[in-house]
Amino acid sequence: MPAHSQKPEDEHDDPLQAVILTDCHENRFMPLTMQTPRCLLNLANIPLIDYTLHFLASAGVEHVYIVTSHFHEEVESHLETAGWNNDNSHFSRIECIRSQSESVGGVMRDLDQYGVLKNDFVVVYGDLISNLPLEEALSAHKKRREADKDAIMTMVLRESGTGSDSRREKAPVFVIDPKNDRCVHYEDMSPDKKEHFVSLDPDLLHDHQDMDIRADLIDCEVDIYTPDVLALWTDNFDFQTARQNFLYSVLKDYELNGKKIFTHVTTDYYAARARNLREYDTISKAIIERWVYPWTPDNNLCFGYNYQMTKGFRYKELDVRLARSCQIGPKTMIGNDTSAGEGTVIIGSVVGRRCIIGNNVTIENAYIWDDTVIRDGSHIKQAIVAKGCTIGKKCIIEPGALIATGVQVADNTTVKSSSRLTCIKRKRDDSGDFEPVTTDTKVVGVGGKGTEYSPDPDDEDEEDASLPHGLVYNLSHLTFSTESFSDPDDSFSDTSDIDPSQGRRNSTAGSIISLASDDDTSASERKSEIAFHNEAVAQLTDSLAKGDASDNMQLELTSLRMVTQASEHAMRRAIVASFMRHISSLVSDGTSIASAVTSTIKPHQALLNRNIFDKEKASKVDQVDLLLLLQSDLSKRLDGDAILLRVTHELVNLDVVEAEGIEQWWNDERSVASKEVTRLREKTRQLVDYLLRDSSEDEDDEDEDESD
Amino acid sequence: MASQPTTSSEAPPSKSSEQSKSAESSAPPAASSSTAPVATATPEAPKLSGAELKKRAKAEKQAKRAAAKAGGQGDGHPEASQPKKDTPQKGSQKKGQQQPRQSAGAQQKGKQQSKGQEAGAVSQAKKEVDIPLRAAPKSTPDNRVFRQFSIYRRTSLENINKDVHPAVLAFGLQLSSYQICGSTARCIGMLKCFKSVIRDYTIPPDNTLARHFIPHCLSAQVEYIKSARPTSIGMGNAIRHLKDAIVKVDPEMPEADAKAHLLEVIDTFINERIRAADTVIVNAAVAKIKDGDIILTYANSSIIKKVLLAAHARGKKFITIVVDSKPLYEGKYLVQDLSNAGLETEYVLVAAIAHVMPRATKVLLGAHAMMADGRLFSRIGTAVVGLAAHERHIPCIVCCESYKFTERVYVDSYAGNELAPSEELLPHDSEREAWRREMEVKPQLQVLNLLYDLTPAEYVDMIVTELGNLPPSSVPAILRMLEGKAA
Amino acid sequence: MPGKGFRTPGLESFVDNLDEFKLERSTEVLIQLLARRQISGSKNCAIAVAGLLLRIVQDSPANSVQDLLDQVSQIGQRLIAAQPRELAVGNIVRRVLGLIREVSGIGQDDEIRSELSSMLDGQDGLNRPEMLHSISTYSPLRHAASEFTGASTPESPQPIKRPNFAQSGYSSFAMPSTKTAMNLFGLLAEPSYSPTGTPPITNRESPALSTKNLNIIQEQASIKETIQEIGDGMRELLDEVDLAAEQISESATDYINSNDMIMAQGLSDTTHKFLAEAARKRKFTVFVVEGEPNEGQATRNMILYGSAKSPSDDDGQEGTTKRLVDLGVNVVLIPDSAIFAIMSTVTKVLLAPQAVLANGGLVANVGTSMIAAAAQAHKVPVLALSGVYKLSPLYPLDTDELREIGSASGLGGSVGSWGKVNVMNPMWDYVEPEKVNLYITNLGGHAPSYLYRIVADHYDKEDINLGTDM
Amino acid sequence: MSLSDVSSNGNSYPQVLKVATYHALLSSDADLTMPVAAIESLVRALAAHPTSTISETLEYLKSLVETLTASVPNPISLSAGTDLFQRYLISSLQTRQAGSSTDFDMLRRHLINNARLFVQRAKDSRNIIAGFGKNFVRDGCTVLTAGGSRVVGALLKESASRSAVRFRVVYVLGQSETPGARPEGSDTVDALRAQGVPVATIGEGAVAYSLSQVDMVIVGAEGVVENGGAISRLGTYQIGLLAKAHSIPFYVVAESHKFVRLFPLGQYDLPIEQQVVEFKVENEKVVDELAKTVDLTKSSRGKRKLSNGPHAVDFTPPDLISGIITESGVLTPSAVSEELIKIWF
């Protein structure tokens, strides 16, 4: 980037261009997005698209083309007011292109028609918030391009930390050749999909010595295109989406088109898209917590803002009137000309400009947009109240509620959780313009204005059922244990006795939901248990595969345990899970059950012994526990009963489990808790009977006092 | 240039091991004898010299340790140290090539020689405890810093003493890779390993446990553990405790019983001096936490974690600020665990201490060791935190089990400190590579990665021990008490 | 590669475009660059701002110095607003304003004052008769008469944005110079222009008026060369900023002795030059404190390549500056945590402030205050190296507001990975005056308690409150 | 001593008059500070006194000043005023083409005509201080103050008037000397509470105890001396020490006309002699010095006796002071001496 190497002119010879896609068809923010496109919604009191534009400006982009559709005028007028397209702006050209097409593919083809994009350009979405520097990616792209005409595209991806937030609804899997960052395969894995595996073309394997298969990448769809890409889109008129269709198939038939697509992975920068309300929420928080520095409120990037920050991420504009007894909690943002009355508490919320907030109002983790009036004694929690609304006295807005522009809620009304109020609806005719709704007093109370939003029938089909709408919802149906990637059937063994959503929540901590639920420690303990379990199982399975000595495995386990303070039970569960997984994999590879079992158990009896501490004791809790775990684990597996028999037998032979242990297990009602477990243990019956007949025991304490 | 360190290094070893702390007669010959070939070997093959150096370094170390150990138990030492002196010699030959692949960032063949050299240079350097005038022009004062400690880190299972028990082997690796970190965890881990060692040990005919076990079995383990990472004071105390017990074992006692007894001894140590102590301390410390407190802590001390979790469990409402720093970033684990447990937490790096300290109401610190004069020996950076707290009159509480107390007294943070490999300070492999290359050719460029520092007693307001809460000044009193108990 | 690649906007691109863009655009661009922190560091900011202002002065349509002043101070305030914590911006603007006054001798032009005071009366309840009294420190002609020239009727042009102290981290710092000497007398001074509006004494008034009119006349006559002159002055200012580091380093050998053990907070350009200069005569050791999380990379590169950028992203032209190690300095890189441990062997501490405040305190990269404290605890002298352009006339009212707080991702991990933990990454520290022993500027060494004087010499009282609010 | 030998030139009438004027002024106008009262009374005297030549006037003034200082128990801040006045005369005479009588008359007239104006200015300067001094009081901070300083009062009230800033005050109230009377500062406390500012009143003994929750200390001063130290109500010094010990910023608020040309080296180096530390043994009664000092006839030239009354002061050395807030901005103590030097040389 140093200047000396470059005359300023050539910026004008080949200016860096960019395309912003402001996707029109948008239901997740409904009814908020009825009259305004999503890219103009306020996030932390600034329209989304401004972040995107600043992002491009900071990358040195000179020409910007904004693809709009229904809301062409709105976008243009915004550019006008925000001074983006006056002649002093950073962009020497900024232009709105109206496109009727509903899909990315369509837009791309239109762009190709339009033919303004002569040289490499950046493609982003109008809801992108990011502070990552494109420079490296751009120059790398440029380099490759010069080297190889077919290097047509570079995707800029961000590494998510573990349990990152922006990863909830999509789990893209990129297969990348680490040597040249080339992306050789892409698969889109949404969590609700049942099958969790990537199918690789075998040829890849000998084309590339090593490949990274990464599911930890956050894809904000920041791409660097060469004009050829547009051509490619045009050639394949059936492509709709940029990833599932375009990327996937271009990579797939590399043989045909010979086009190469590359990735650029950044680690410690922020990039996210406000695709749904929960992301909207997390991003707002991220901005307030300055993750997106320098895109922080108090940097007042956009003209006319003058936020100041005080301790604890409290942002106030110059002219905010607060009563003496009014408390402003941390992570709060309040716009100009807003006043808050006595005894009012505002925590972790964003309040827009010109709002009037009465006395004794509580606003918690909520988003109040401009010009809204909130009367005395109302409580608002984890909700969005759009522009120009009125909330009456002593109202309660329950978590997840969505109140669209202009709605008026009468006094003493309770707005139900996750209800979405609006006061306009789209006309039935296809004119696309709006008409006021008939007020439903049940919802907004007598004297209120507005009603529950009902998605238009023609939108329904586009609603992706699996996708969450509200700010608050149960994530459990979306979650998947990290392990379930490697080996689906095991994901049960966690879920069986721990609800992963519990654990998951913590990892999504920071999102609104977590605030609601995280305070109970049980959840967090389970979280750490899950963590331990997955970790341990992973460790053990591959050391089993590697055939490590059980000593090392034990040490690994204990060290892991020291970190998570997992219970002995957890230890056993981990061991059982991994062992059984190993066995069943052996079996599925055609090994006989018997040999599979012995080969797995025998070398590691020490390990098992170390985790059974009740040899002397009369009641063999641990052994019973072990067996129960076996039972439950195997109940999910192919011919589990046979394996169970083998395993128990093996265990008895190795004196890992004593006859009493078996006996107590057999008589334990938990072992007949459910139908299939009972079925499972049938095969083992004769063994048990045999054992119970002659309970001959020989003493042996194997490393017993390893216990802690 | 490259061979510079070696050439300057003929003389040092012998003189060094003289005044190496508890050195006694038998060590120096051993050391210097092992060095003799090196001196000649060096010039023609720098590659060799690297390996050689390491070898000599190692040999010396062992000799020295042998010496040190000799202090511990009477005779039987010479034959003990004999085998050890040559095993490494053939071994470390290989090690020259070995080293690179082991070292953290995967590196290529190209580096071997230099790698060896670096380690060699340092391990050789560390022997010169004083700065001989002769070396003055070449070595400016600061080199002192380096010459004092061992930077030697075993990262492989190559050529170790055959007597080392597998459990101990694994343990060693976890030490050197920080998988087991924090003095308490290390101490417990070690003792556990010793238990399995004792279990698998059999007294050879016509010998007694008291006389045979330490020199022929235990010492090997200790050596190895030390070679993985210098033992902490707590571990030292534990070892001494064990040795005492062993020496006291009645020769008449049947083997099984004796072993059982020793296991017993270890268990009681773990349970009384560490586990029970912890619970007592936790209770005492929790009592000091009030609602609305803002507790600031540094790095990741196991005991502090227990305290905070316990306090939270007992429904106290407080905020925890975790201050963290290079090289280990342990605080990240702490803060995650706390936050998972539902505590309200904040996280900053130590540089930002001035920003967070004013808000803090109490400072809780863990200890690596307590010096007899009440100074706190703990993770590097602790001193700064202590200072910041002291400046603002914020009470600074140290939680420390009494088994970490030591009669030793240091005046500055150099004494008794541990120097970790400099790579750990450098983020990327590429950068490590660049620095390593640079540091070879430019001896005046160094990266200093100390692991501990010494906090002046006046920065500490209270020490919570299982024997009660006490001011730093009464640490020696406690020590006396403990001596009394032991005797 | 960037050669033909795209370049992220920054100081270079700005300076290059300065001449071709329209003035307005350049201004906008600079404001954005500052706000986006794409131009950061006191030196870069100073250069950029000075560059822009120079341009303004050169092709300003202003037909009176007054217009020029207004123009500059308006744009100046917007620049300050863009990055209020980067005090260098404000400093340069004030310096330029002062310069204009000095050159044009408008120092005692009452219009500004009366207007200024009127604004102050009006909006801040501040009225300070003595201010009307004060003579610009720059004014070469300090004729006693000036003290009587009274403003008859303040015809105030567009009101300057009111210094809204409520939000500002700063307050004006008194100018103890002749003018404040006068303002002790302010109480008893001639009332002619007092807000209480006692009828002025006529025969005092006339000469005043005449002198004033005179001023204005000769102004309009000489406006062109005045502006010429101002331009030259500003170029000097630019040079001062440019050469500050060198000038400071010239005195290096007075402060660093052989076998010194220096601890340096990072390796800023200034520090580097300073040490390099000293290394030519002396042999010493420097412990470089890394300055994680924000400065670490730069520091390491500075040691290794002699430039803050690693050669890779500096296409091949590293080693422009000679590295300390090549000069025979013992360089020891230490992490921030090791400060206290090392301090016992250190003989001097070198700080490189972002900005220096009039009370003798300073703002520098985070960790500095910790170092200063440790040094104090060990009774180690602390030297701060700072160009005069970093010396700000502001008094820190709220030290929290001096500090830039950066992105937590500097501490590694992404938002999600931190869960509910509140991660903070402050980038700057404030160091109290009593923790600094000596300031070494391009004018020489000063005790912190004396800085107020240097401030007085470099800034014109009128300009101090300039847009401190944003 | 008798009135007659007070003045050098026998003419005693104006003396009495103006000493009376001084006290009258002080009592008449509550927020009139001693230096200003002094100045004004000087001006009036000047008006009454038909002097023609410069030297004569100066001479006359000198004598006036002496009487005046002689007349009050604690002349420190008063002398600030008188000094200022004299210096102003002299310096402004010098700046003019010295000696030309028209100029002198001019000056004289200016002074006489604008007596009220000076007072007004003095009061304005207080407002100015309040006007920007209030910026020291940040949102959510706690201020500790002591004594009955009107400037500090004004400053705090001003701050309280800003809705953006919510702050708390810890007010140190000494016990009132005359039993029954409320300790000085109580009215400020009431005023603040009336404005909704939470105020805690503590005894002087509780300062150290409360400091840990205080963000800054703001006190007034009777006089600011040459080394930048402050002479202020008894008890200020100890607060300064404590603030230093807790590294809490300690600000002194004073109008610039309170700058005194005085260089005390310590507590007992003040131009007045106070019987603060009085050693007694049983049944030895201490004479009530206070009563005496009030009436003139008792008072002797030079140092006046003054017991631990409301006027007792102590000296806060500059190293304890973080900043001196004057109407022209914040001065570091080091800057003060320069100020004064400039007036006198």
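Letters A, B, C and D mark the chains in the order given here, with residues in each chain numbered from 1 onward.
Assume a residue touches a chain if its C-beta (ideal position, glycine included) is under 8 Å from a C-beta of that chain, and two chains touch if they have at least 3 such contacts.
Since the structure is predicted, the reported quantities are computational estimates derived from the model, not experimental observations.
Looking at A-D and C-D side by side, the one with more C-beta contacts is C-D. Legend note: the chain whose CA centroid lies nearest the centroid of all displayed protein CA atoms is C. Here the CA centre of chain A is 67 Å from the CA centre of chain D.
In terms of their C-alpha centroids, the spacing between chain C and chain D amounts to 36 Å. The distance from the centre of chain B to the centre of chain C, with each centre set as the mean of the Cα atoms, comes to 48 Å. For the pair chain B and chain D, the distance between C-alpha centroids works out to 64 Å.
Counting partners per residue, chain C has 166-167, 412-413, 418-420, 422-423, 425 as the residues that reach two or more other chains. Multi-chain contact residues, meaning those touching two or more other chains, occur in chain B at positions 339-340, 391. Within chain A, the positions touching two or more other chains are listed as 310, 506, 509, 518. Of all residues in chain B, those touching chain D in their complex are 391-393. Of all the residues in chain C, the ones that touch chain D in their complex are 124-131, 144, 147, 165-168, 171-176, 178, 180-181, 183-188, 190-191, 194-196, 198, 201, 204, 358-360, 395, 397-398, 449-450, 452-453, 464.
Chain D makes touch with chain A in their complex at residues 139-140, 163-164, 166, 196.
Residues 36, 39, 84-85, 87-88, 91-92, 95, 106, 109-111, 113-114, 117-118, 120-122, 124-125, 127-128, 130-132, 134-136, 138, 158, 162, 164-165, 256-257, 259, 322-323, 326-335, 338-339, 342-343 of chain D are the ones that touch chain C when the two sit in their complex.
Of all the residues in chain A, the ones that touch chain B in their complex are 506, 509, 518-521, 524-525, 527-528, 549, 551-552, 555, 559, 562-563, 703, 705-706, 708.
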